[in-house]
Amino acid sequence: MELYAPILVLAVLGAGFAIFSVTIAPFTGPKRWNRAKLDAYECGIEPTPQPVGGGRFPLKYMITAMLFIVFDIEIIFLYPWAVAFDQLGLFGLVEMLLFIVTVLVAYAYVWRRKGLDWD
Amino acid sequence: MNNITAPTIEYALLAPLLLVFGAAIVGVLVEAFAPRYLRRSIHVPLTLLALLGAFVLTILQVAREGVPTEPAAMGALALDGPALFIWGVILVLAVVSTLLINDEDQFVAQAAAVPGSSDEEEAVRSGYAQTEVYPLLLFSVGGMMLFPAANDLLVMFVALEVLSLPLYLLCGLARHRRLLSQEASMKYFLLGSFSSAIFLYGMALTYGAAGTLDLNGIRGALAGISGANTLLLIGMALLGVGLLFKIGAAPFQVWKPDVYQGAPTAITALMASTVLVSAFGAMLRVFWVALGNLEWDWQPVMWGVAILTMVVGAILAITQTEIKRMLAYSSIAHAGFILTGVVATGDFAQNQAALSGILFYLAAYGFTTVGAFAVATMVREAGGEAGHLSKWAGLGKRSPILAGIFAFFLLAFAGIPLTSGFFGKYAVFSAAYAGGALPLVVVGVVTSAIAAFFYVRVIVLMFFSEPAADGPTIATPTVGTSAVIALAAAATVVLGVFPQPVLDLAGEAASALFILR
Amino acid sequence: MSWSPLAAPVDPNLPGLADFGKDPIGIIILKAVVIFAVLMLGVLFGVWFERKLISRMQNRYGPNRAGKFGLLQSVADGLKMGLKEDLMPRTVDKVIYFIAPVVLATPAFMAFSVIPMGPKVSIFGTVTPLQLTDLPVAVLLVLAMASIGVYGIVLAGWGSRSPYAMLGGLRASAQVVSYEIAMGLSFVGVFLYAGTLSTSEIVAAQAAGNTATLFGMDVPMPSWYMILLIPSFLIYIITMLGETNRVPFDLPEGEGELVGGFQTEYSNSLKFAVIMLAEYINVFVVSAVSITLFMGGWRAPAPISTFWPEANTGWWPLLWFFLKMVLVFSFFVWARASLPRVRYDQLMALGWKILIPVNLGWIMLVATVRAMQLDQVNRTAVMIIGSLVVVGAFAIWWRIDNTLQKRREARAAQVEAEFRQINEDPYAGGFPVPPLDLPHYHGAAAALEARANKTAEVPSGSN
Amino acid sequence: MPWLSILMAVPVLGAVGVACLPKGSDKLAKQLALLVSLVVLGLTIAMAVQFSPNGERFQFAETYSWIPAFGVNYGVAVDGIALVLIALSAVLVPIVVLASWHDTDGPAPDGRSDAPAPKRSAKTYFALLLVLEAMMIGVFAATDIFLFYVFFEAMLIPMYFMIGSYGGVQRSYAAVKFLLYSLFGGLLMLVAVIALYVIADKGTFMFPELVGVIQDPTTQKWLFAGFFIAFAVKAPLVPFHTWLPDAAAQAPAGAAVLLVGVLDKVGTYGMLRFCLELFPEASKYFAVPVIVLSVIGIIYGAVVAIGQTDIKRLIAYTSISHFGFIAMGVFAMTQNAQSGATLYMVNHGFSTGALFLIAGFLIYRRGSAQIADYGGVQKVAPLLAGAFLVAGLSSLALPGLSSFVSEFMVMIGTYERYAIPAIIGAIGVILAAIYILWMYKRMMNGPTAETVKGFADLNGREIAVVAPLIALIIALGFFPKPLLDVINPAVDKTLTNAQVSDKQPAPTVAEKKGSGQ
Amino acid sequence: MTTHYLVLSALLFAIGGLGVLLRRNAIVVFMCVELMLNACNLAFVTFARQHGSLDGQLIAFFVMVVAAAEVVIGLAIIVMIFRTRRSASVDDANLLKY
């Protein structure tokens, strides 16, 4: 726990500053009300009405998110392996080789299936 | 920090498993690199060879080295008699199902395309089919093999997911009745992941109580815990819920009819046969090995579950008008019958008898189920398979052989002597009786009779009523489908008339029970 | 040859994991406040430095009015922001809109807590390392903080409820997560050599070069991982730019298409200042990580310590650390000054199709080499595996390269054929193309020409 | 020589042969079936000749291990009781084959009838008939209780299809009712069989080895109940009888003959063989209730029969009455009563068989089973009417016809121990006269109905069907000794095994009766 | 100390479970399942601390993998349904009834 306490101190400092700035912002500046200023900015045209609860994400971002998860999980396994590599020796090498090959197979599949194409 | 040692792995023992998974990975590569027109002709032999190869390897291993008495892979896997028997059954059933899956026109051309869209139309026109089915199948089969062999709750959980996830997808790939199929897929997925989350929490609590996830470790730790440990009891209950969900025992059966109906029939055949086999293997291992010392705690509950399952399965089946739904409820009822065997624990000999009975039942039921669903794929109407029972009226007159075989399967489900189902039921019920579960046997018998009613009703419909004018067409069977039906029928007959070899095998497999180390 | 990365540091002054968690509370607060203050000042300095440097690179003066050399320019900017009207569009989701800058800024500060800036020194009689704290999983903390920062971006975009902000937020998060994988992978090589995730120990592991026995010869190995693991380092440098949404990967706020990206609705007030602050601190964080993991941390560059052994003791390392930070930050500016913004698909393709596979291949190579250096391992087996890996990787690369080459050629041939056809018959394919010799074209060309001639007469530097 | 196995194998092979005939060879199928059944009859006679009444109890024994895992043997052998019942089946089957010659051909050629049954597959019908014959022989020959159970249940299936596919308008309802009743009873018996095996702990199901093993009276009672209900459903005794009128009325005449003539005898045979010998204490305990039920059955069956308007239903109800006599005889547990009951099983098979067949001829001609639709048949078809009369008189036990001997022996035997039931039972005889004679009067006498006018008399085939039955009825009425010689030793053994100490002396009445006339 | 974590994990699990049972949007249901998985992770890590063994933390890794795989597959299925029906409500998926 002692190791983490300093991080919290810094976090409190950082968060405190950020919150302070955000809260103080409305009071430091002048107030000149103007209807147009309160519209969302869309280069001057009438703002597009946004659906309540947020709009929908394009599907391609979801695919990116999925791919990210898959590879992030791979990294989860790579780190402990890398740290303990010296003790695992040849076994670790071979197993990780297989693991990476397996991931690469999935990777190749995604690539070939145009999962890695962005417009 | 420096105490990590490289584990040792018995590759020879694990060869069947590795082969199946390896083939699955190769399948993904085929999917990625082979041209579309070639994919199927690569996938099918690859899948079949991998499954058969794994089967042969399993047999060779047993023949050469005998059944292992030590857990493999650093205690993660217990490849004992029951596990190997289940492997054999799963592999054979998977081969059979593959032949069925190979039948044309079952899988959607492009899963991602919206039904009715021009994308889909184009895909259908080009004769595409979702060939990912084969690697998915192999992954799932690999998971099914891992599931009952897991000697460690973690491996079991991973296996559970490896088994389930491909199935969730496979369920949604039916070419006809896409909406139903997708709906089945979603329901299966949501409920399935819900149940695995419950299983996982049970695992966590068990880990908390026992301090280990190794099944034998849990057994040992539990011996030391005296009295009722709340954590443990809840954990056990949650683990049980997860497993009971997989076998579709009441009150966790709601997914089964929907999923069985919506999924492509070939996939339903696979699920109905192999998943049940695999899940029972895992369930036995958890309850007999890990929680073996807590019999008195889980047995009463299991009694209730078994009774409820049998009753719910049999009674709700009567109200069904859809053939696959009916078979789903029948599968629930059968799960209940098998559960009577799970409950019947006692001394060593008693457990042996119960275990071998269950193993035999699973094998017998698996073949019959695959056969029944195979027949269901062949009765078609304009929009796909003719699922509604009214469409089956008079089938005996249009296609006496097909209807006859189906009737035979139904009789086997009903447990009429000289079919495999009879000996299965006999084996389980006699074990249950010997284990002191007479009321369960009586309930089992009564529900069998109720169940017989709806099986017989279908036979009546097929043979004793006049065919409807706009009745279904009987598809000309492909070689694969006819082989499946013939094989299933042959297995049902052989196991019904001369079950001894398989009984011997099951007895042999059960002779040492599970590895307790 | 034996190599134990976990062996005790050569110098007892070198801090290890065991030296942390012992500071009295006063020292902790002191260190934290100093880091916080330095970061705030650093941002001010960084903004000025960036503007000044980029101006010089572009042959301009840059800020030169406020203070000497324009040093107070960023202070002035900050004050101006504070005094501007705080606009909040009616449509925004208020809670999220307010929280987003905080979520963005806080983790940026936190990540700095595990950056080592020097060896053990004595502060008010307490011997303590020049590092706020260290964890067994310090690098993970940095990565985690980077990930949490993404939430800030997404929330800012989402909470603004306007199309530009939304798209910007999505793009930013997609980009950051894409590059985070490559970044994470580029660390693996470091961990393979250092055998730890603790930053102070990684720095310690880079203290001295080792010798490797290759074919019977003792070859001295460089101590900094940026040389030993060049590919990892290069990949990290690229991902570093991507992670912080800096040029050439600054698509999320690409002015041309998205106005201001996720910060569009944060008008020029203190909220925007916080976002900008967070972005700069993020740049500092990734720079510090690159220094720690690849550039020997706070240690003096190689020749200095040879001539001057005291260079790595006491407070001096702070200097080296600061110099390195300036160097890396200059690189950011350099990149901004010289590189054009990439397209979104190019950005993603670079991340997914090049950085990740190359990284994975490189990791396997490093692991193989590393395995050969281990005592207890059967070298022949490793060699065989290693050669298999190399051959396999080469075969795949060759195959891909061939395919790509063919595709390029086919595409070129296609384009050429198309143009030939258009040249022969402009109406081919049904799209009428006006002939190139129409009069108004001539007219336009002439006008252009005239204007070019005219501008040539205006003396340069007048605008 | 493995007589019994051959007896079972021949009809099975014959059935396969019949089923495999090419399409359209209906006639050939009938001829082949007739040939096979005659061969079986011949073989049965050959076997019966070699049977030595005073030798060992079980002769022609064959025992092979079938399913060692369950301790199940393929054990067949016959004693006197079984022999006569096998002979009964062997005699009835060729007659039924001959009688059913046109049953599958669709409506009568003159198109007069209301088409009781459309054209159906002759091959299937005769193949089912032969399979049924094999199973009937098997069920009587089985000395292994498990094997008995297997035949007991499996026998239902061919009969189910014969009723359901070839029966009257309500056939599917009747078939399902028949199957479910029997199956339900059978499943209860299955529980008892399992329990018997487990409790006896002998590791075998062989009947001779299990005799006298179960000593505990409570256990005996439970097991008895399990077996008895199955047999009572099969027989059928009164509360379990409702399926019979439906099944018999809807079945084609030939199937009805086998159903009532042979299949139902399995119930009474089972009581005599298994209930009494395996559970003597329980049998004695339950004897009085069973006899009461039997008496109720006698009276109830007869009274209800009087009120019937459908010929086949009427005959079915007479059978219920007659089964009351048989059950009464079995449970009276005297030498006379049991010998009489056994003899009654045979005689009832012939007389009721004849009644059903002739009723079948009538229905074939008229197309209706309603008694009211007939009248004055005597005048147009005297031979038919005469045969009907003889069969009917035998059914009401007119002295000189076969049933009289058996009915008299049952009454005497029962009177020796339970006087009052015997006396009440005698009322049944009077009622029998009413229902038979009244039916005859309504159908055969009186003015000739319009629709009956064109009736042809018995043709050659029909005479060939009826003649042997009439001959047997008369012959056995005067000279039952050969049968009694075979039956009596077996009944002796049964009574010994049933531990009936105060056996009534001297079955002399019957013998005198038999030889004296 | 660990009790608090366990209670928190139980609460999270219960919230997730209730969400699965009560919510009607497939995505939300699915997120509730993920919440349950994470509750499990918390429990595992807590127990690992309690027992002083690393197993629990190791399991958490695997659970993450599984959760990731579930996310990928689940989203694929839900998106598939959504594209077909333009609705992700579980109530709208009502074709399968007896």
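Labels for the chains are A, B, C, D and E, by order of writing; each one numbers its residues from 1.
One rule holds in what follows: contacts are C-beta pairs under 8 Å (C-beta built on N, C-alpha and C of every residue); 3 or more make two chains touch, one makes a residue touch a chain.
Because the structure is a prediction, the values reported are computed rather than measured.
Novice: Which chains, if any, touch subunit A and subunit E both?
Specialist: The shared contacts of subunit A and subunit E, listed by label, come to B.
Novice: Counting only C-beta pairs in contact, which chains form the busiest pair?
Specialist: More C-beta pairs are in contact between A-C than between any other chains.
Novice: Need the central chain here, defined by C-alpha centroid distance to the all-chain C-alpha centroid.
Specialist: That would be chain B.
Novice: Which chain maximises the distance between its CA centroid and that of subunit D?
Specialist: C
Novice: Using mean CA coordinates as chain centres, what's the subunit C-subunit D distance in Å?
Specialist: 95
Novice: Provide the C-alpha centroid distance between subunit B and subunit C, rounded to the nearest whole angstrom.
Specialist: 51
Novice: Round to the nearest whole Å and give the separation of the Cα centres of subunit D and subunit E.
Specialist: 65
Novice: Round to the nearest whole Å and give the separation of the Cα centres of subunit A and subunit B.
Specialist: Distance between chain centres: 40 Å.
Novice: Give the residues of subunit A that touch two or more other chains, as numbers and ranges in rising order.
Specialist: 72, 84, 89-90, 111
Novice: Would you mind listing the residues of subunit E that make contact with two or more other chains?
Specialist: 65, 76
Novice: Pairwise, which chains touch?
Specialist: The complete list of chain pairs in contact reads A-B, A-C, A-E, B-D, B-E.
Novice: Looking at the complex, which residues from subunit D come into contact with subunit B?
Specialist: Where subunit D meets subunit B, its residues are 66-70, 121, 124, 149-154, 156-157, 160-161, 164-165, 171-172, 175-176, 179-180, 183-184, 187-188, 190-191, 194-195, 197-198.
Novice: Hey, which residues of subunit E end up touching subunit A in the complex?
Specialist: Touching subunit A from subunit E are residues 61, 64-65, 68, 71-72, 75-76, 79.
Novice: Can you tell me which positions in subunit B touch subunit A when the two form their complex?
Specialist: 2, 4-7, 25, 28-29, 31-33
Novice: Over in the complex, which subunit E residues touch subunit B? Could you list them?
Specialist: 6, 9, 13, 16-17, 20, 26, 29-30, 33, 36-37, 39-40, 43-44, 46-47, 50-51, 53, 55-56, 58-59, 62-63, 65-66, 69-70, 73-74, 76-78, 80-81, 83-85, 90, 93, 95-96, 98
Novice: For a test of understanding, state which residues of subunit A touch subunit C in their complex under the given definition.
Specialist: 2-7, 9-11, 13-15, 17-19, 21-22, 24-26, 28-32, 37-43, 47-48, 50, 54-55, 57-58, 61, 64-65, 67-68, 71-72, 75, 78-79, 82-86, 89-90, 93-94, 96-97, 100, 103-104, 107, 111, 116-119
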